[in-house]
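In this document, chain identifiers A, B, C and D correspond to the written order of the chains, with residue numbering beginning at 1 in each.
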Amino acid sequence: MRNRPRKIIPLLAAGLLAVTACSGGPSTPTGPAPSQGQSQGAPADADPNQLPRGETLYTTGTQWGPPANFNPIREWDSAVGTKGLVYESLFHYDTTAAKLTPWLAESGSWTDDTTYEIKLRPGIKWSDGQPFTAKDVVFSFELGKMETIPYHNLWNWLQKAEAVDDQTARFTFSTANYQEWDFMLYTRTMVPEHIWKDRSEKEVLDGINENPVGTGAYKFLSKDQDRVTLQRRDDWWGKTALNMEPKPRYIVDIATPSNEVAMGLLLQKGLDLSNNFLPGVANLVQGNFGLTTYYNEPPYMLSANTAWLVPNTAKKPMDDPAFRKALASSIDVKKIVEGVYGNLVKAASPTGLLPQWDKYVDQDVVAKSGFAFDAAKAKKLLADAGYKDGDGDGYVENKDGSKISLSLIVPSGWTDWMESARSIAASAKAAGIQITPDFPDFNALVEKRGKGDFDLVINNERQLSNSPYTYYEYLFQLPIQKQQNTVNFGRYENKKAWDLVQQLDQVKTDDTAGMQKIISQLQQIHLDDLPVIPLWYNGLWAQSSTSVWKNWPAEAGSAPKTPAVMWRNWLELGGFETLTQIQPAAS
Amino acid sequence: MSLQVSELRVHYRTLRGDVRALDGMSFELGDGEILGLVGESGCGKSTLGKSLIRMDGRMRHVGGRVVLDGRELPIADDRAMNDFRFKEVSLIPQYAMSALNPTRKIRRMVGELLRSRGAALDAAELERRMDQVGLPREVLDRYPIELSGGMKQRMVMVISTLLDPSLLIADEVTSALDVSTQKAVARALLGFRDSGYVKSMIFVTHDIALTHHIADTIMVMYAGRLAEKAPADALVKAPRHPYTRLLVDSLPEVGVRYAERRLEGIAGSPPSLLDPPPGCRFRARCPLAGDECAEEPPVAEVAPGHHVACWKA
Amino acid sequence: MTTIQEAVPRERAAVRREALYFAVRNGKLMTGLTIVLALLLLGLIGPLFVAAAPNEYSVKAMSPPTGEHWFGTTTFGQDIFAQFVHGLRATFAVGVVGGGIAAVIGMVVGFVAGYVGGLVDEVLNMLTNIVLVIPSLAVLLIVNAYLGIRSVAVQGLFIGLTQWPWAARAIRAQTFSLRTREFVDLARMSGSGTGRIIAREIAPNMSSYLFMTFILLFGGSVLIASSLDFIGLGPTEGVSLGLMLQNANQWSALQLGMWWWFVPPGAAITAIVGALYVANVGLDEVFNPKLRET
Amino acid sequence: MRRYFGRKLLIYGLTFFVAVTVNWMIPRFMPGDPVASMVARANVTKPEAVEAMRAYYNNLFGLDQPLLTQYANFWGALLRGDFGTSIWLFPTPVSQVIGGAVPYTLALVVPSVLLSWVVGNQFGAYAARRKLLDNTVLPVGYVLTAMPYMWLAVLLAWALGVIAGLFPVAGGYSFSMRPNLSWTFFLDLLHHWTLPFLSLFLVALGGWAIGMRNMIIYELESDYSTYLSALGAPARLIRRYAFRNAVLPQITGLALQLGVLVAGALVTEIVFAYPGLGSLILKAIQNKDFFLLQGAFLFIVLGVLIANFIIDIVYVVVDPRTRAGMAGAQA
């Protein structure tokens, strides 16, 4: 990428030198290039100003702008790798085997129904040389006692966290929410008490946390407007304890550019892993461009979350389950999958549970109560429920004869969703339901969604996790607030369902049968009432170039099965493990 | 003889065909002579002035010769004419107010102009000539915008004559000025001739009265041709061509400003020069017109130096 | 960026006749007009003959140009020719609305400031200068981002509201020079009101100038609209050439080899605006004999 | 002179005031609640935590105060150089975010504007009244100036970047580099800068060339040119004068076009993922970060105002007429 034009450059440079000189030029921008910590671990042969291509992994698709902070508490907008590469969690979660993998913790177990004890691996040190102890673990969880910390809620059912000794931490619960606790174990990052202990709540939540000190395999080397660069720590504890080593010595994460540019970078071999949605990439995967994805045929990607159509159940006629079911049958998801996504996504099963959760799907319930696209059936369902087209305009009316005219909102500029919304409107029209796609800006949409001031909305804000519990929590959470900010946007109220979800939370995570039993009931309620209509599984967008790194995760052969992804909160779900499995293409 | 023009034909190219702006002009101009050239707008007097120094893009030399001081002027060859311009033939343009580059101080502009013509700036001479026309020397260090109209006019006069051309064409130089300034300009021009800065001069105007003051000879043009040419006094006092007579008669009083009244006193308008009718071109408006006028009248010398193109003269 | 030269009052009929004569013989004007009119015609009648709705999906996705789909299809199988002809409409509409509004405001402000003078002029001039220096695209970004633009008409309106100052300035200068002419004095002496004098005496005497101003504003509006569309601030309803560009870019048309998606809208914008500019220079030559090539 | 600049400064001052006020006003009357969308993005599971965060941010951004107080605070903060805190890149101060992007934008805008102006003027002046050039090369100018910036940019990126592989398609410098003071790094910067520069330069170039061509024809047809020709002055001298005089309106044109050129730079940056203000503004729009958007807008307005003022000064220095006019020396 940078070698070919060497001859041209000096010519251009000569001509343009005067100009840049007089304009001040892009004089070494911002880059505070943290020089501290460079002393340790940096190999002598490395030229920190020019990263060797063969040892560097270029990624994109996570960060959308200049790196704003290195604060692991801000797990939604901290610089790529802050959580997962620099700061680590006690466990990782293996999505394939569906179990926790000990990480900073050597083991963890319930000593009784409400007590959990964690043994830490010995010899782990923070990057500043201080030992990592159980006190750090306790400190990290206790940060959640601050009201604005995202996991503050944990303390509603966690009673006490204490360090028994340097290697042992004990948690005592008032209510043992086993499912949620497992989630906590692999999502919460450990921060060093000796550095964080004097920070105020504002600093913990909003601090930039320049020069982060973590336990992880990487440290930040530099940052700029459009990138962060991480450098591998060769004294990382996992090298011996886990017998693992991430292969890239450097990781450069590029602030996600437009699709066009990202694709250009991939084709120029300047990018190794793109985690953004690249429409049409299927063509490139099948062409001879040196690009791979997890599957080499549709849907190409693993699934990461479910996109739902969320009807506002507090409004007519969406408050009628029969209407919702008719609506569900009217939508031709296949057309969206093929037309809009070019088969990069997969149609969802009626339950909407991700394929990774297949074992929790009760096929009998699905067979009995599931739905599928069937315009005729949709029409029949409508007619049976009393929605008829009285005025002959091709659209059905409410039972009282008033017009039904629903608007489906998706954020303006989200092109794939906008196209999907158009497609949904078109297929609903065939069944006689009038839907108008509407594209307010994201802000306005969030406000309408929160207040329940909408008819239909598309949403996908729940990722794959250790348990369908998180999925059903999204669906059924009660009580309904004036403002529904993150879950149950459709304002669906079903006390029984919410009770079941809470029960599910308290089932031990190894009790698969117990989970299945409750989940089966939840599925029945979901399919009977359809508070949300599952549409398709959004992909775990990952397209990799094989020009510099090979052995990318793939379904076929002996390739790794972990997700190849740098997304926030996904490094613990196998993203990090992928880094240890890829190989330099040259070898 | 300083200037001899014979059978000069210059046409304008227009949409509807060639306009015969000069249709066989012949006249002579002696050393030291000031020729007043008068006529209505569109009679070809400006065309004549331009033809002698620089034809614009739409003008075409169709025939005839111009000889200045024994050398033929290559008036059709823009490039060859350059050798003569300024040095042999010079011009005080109608648009003297805007003839100076607005963004150059005058001294610098004059210097650059002279240098480009291979002449050196003789500052003393320049200043002397400015004194002569009553221009303060500071003017040289001013921008044109800082000068009054009269000052600009005089400055242009000085510049145009710096290289002592043999022939100076003063094209409607007074039309934009008020009466007192007109007189001053006329006096200055006379002074230039008398000081030998210019050998001879063609003073193009439609103001017979003013011309009378400075010109030795007056030539009246009508529709691209010579109508009458005579010593100034003779022409004003005893015009022979009916057109001249009408012109002179319409003067309310010698010396009164005449420019604005033009020649509206004469009924009718000149013929189109696109395709002029045969015979005398003034025939349609002429009170004396007779059958013989259907034939073109030759220019005849009716008295020494008095030429008329009219059967009735 | 093309400058317009001072309009000189002459006998109107003669001027018109002469102008027409030169107009039909002016290569620049004719070439420019032909291109613009051809595209306009395509935009006007094209949609009547194209069966497919611009955003309708067909079966054949990503098809290169064929007899069935003249300009090929998009990633979703939308017919690009259908989008193109509809887009042309929107693009012309934005030009007309934006250029028109800007021209009207520019004329009103310019005429009034130039003719009335005095304090009114001072105030209007200051207003003009203020709007002139504020970078208009930045304003449009802000306005569009916050208010959201629904339709082509609204987009044109906003563009028009920011584009008028230079026109006002130029028209003011022209009016200023015409204000003291005899025919205006005459009209004033005969008791005509300000509005009447502007409408009857001043405006007609600079009609060619006004027309050229409108052309430049039209071209400017089209370009600005396409920029706005491109960065996702275009109208949310309908199709325009700018939106087509945005879509093609967003869905990586070029990288995926679908040049037929990316090239036509940009080429059409370039053709429209370029042809207008060329025609404008041609017009300038028609109205101003000095500029004609000799 | 003082009066002239006093007037100009007054206008610029007023403009700035209007810009700031508009800037402050619009987001407060827009639909949607930025804090709500920010909190939504935080993806916090529990409602209680959300409420706490929401109150916290409302307080932080001052959205819970009376409007007039907010307005006064806005000015106060502005005068302290405090543009607020970015929502999207929370908690980075807006001034810092913009500060990181500005060098890139300046490096793109200043050379492309100045160079295109200089080269375009030379070229236009050269082509004017030279039939062959006027009829062959100048039409290219029309095509260039009529091109949407981003269209040319995308085509360039694709042809010279992806297909020919001559230039990088993204970034301010190689992703493998770290800023340092070395020749290699400088060349790398230049390498990344070339394509965005080129696309801006070319479009602007066409405009200037055409403007100059038309201007100079007017000048060549003007009285002083005719007079000089009549005195046999060589074409070289006349063209020199004409150029000099035609440049003056082009300077004014530069002031008028500045806003448009900056806008072009913004769009071009987006296409090349060049880390300047343009990319930032796009992201700010997409993320509804109105503090950042306002900051960027104000910065652009300020930049354009300053540039205008510089142009005013240059104009006065270059055009004797304005100076003479100001001195009141009308004899």
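Going forward, contacts are C-beta pairs under 8 Å (C-beta built on N, C-alpha and C of every residue); 3 or more make two chains touch, one makes a residue touch a chain.
Bear in mind that the values here come from a model prediction, so they are computed numbers and not experimental data.
Peer 1: Quick check: more C-beta contact pairs at C-D or at B-D?
Peer 2: Per the contact counts, C-D leads.
Peer 1: If you average the C-alpha positions per chain, which one ends up nearest the average over all of them?
Peer 2: D
Peer 1: Could you please state the distance in Å, as a whole number, between where the Cα atoms of chain B are centred and where those of chain C are centred?
Peer 2: For chain B versus chain C, the centre distance works out to 48 Å.
Peer 1: Would you kindly tell me how far, in whole Å, the mean C-alpha position of chain D lies from that of chain C?
Peer 2: From the centre of chain C to the centre of chain D is 22 Å.
Peer 1: On a C-alpha centroid basis, what's the spacing between chain A and chain B, in Å?
Peer 2: That pair's centroid distance is 91 Å.
Peer 1: Please compute the C-alpha centroid of chain B, do the same for chain D, then give the distance between them in whole Å.
Peer 2: 55
Peer 1: Which chain A residues reach two or more other chains?
Peer 2: 258, 260, 264, 267, 413, 440-441, 444
Peer 1: Specify, in ascending order, the residues of chain D that touch 2 or more different other chains.
Peer 2: Within chain D, the residues that touch at least two other chains are 30-31, 154, 158, 162, 270-271, 286, 288.
Peer 1: I need the residues of chain C touching at least two other chains; which ones are they?
Peer 2: Only 145, 148, 232, 249, 254-255 qualify.
Peer 1: Going by the contact rule set out above, which residues of chain D touch chain B in the complex?
Peer 2: 222-224, 226-234, 236-237, 241, 244-245, 248, 319-321, 324-325, 329-331
Peer 1: With touch defined as at the start, can you tell me which chain A residues reach chain C in the complex?
Peer 2: Touching chain C: residues 258-260, 263-264, 267, 278-280, 283-284, 335, 339-340, 342, 412-413, 415, 419, 422-423, 439-441, 444 of chain A.
Peer 1: Note which residues of chain D are touching chain A in the complex, please.
Peer 2: Interface residues on the chain D side: 30-34, 36-37, 39-50, 52-53, 56, 86, 88-92, 97, 99-101, 103-104, 106-107, 110-111, 114-115, 154, 157-158, 161-162, 165-182, 184-191, 193-194, 197, 270-273, 275, 279-280, 283, 286-288.
Peer 1: Quick check on the complex: what are the chain C residues that touch chain A?
Peer 2: 55, 57, 61-62, 75-77, 145, 148, 232, 236, 247, 249-252, 254-257
Peer 1: Can you list the residues on chain B that touch chain D in the complex?
Peer 2: Touch list, chain B to chain D: 53-54, 81-87, 90-91, 93, 95, 98-105, 112-113, 116-117, 142-143, 145-148, 151, 156, 159-160.
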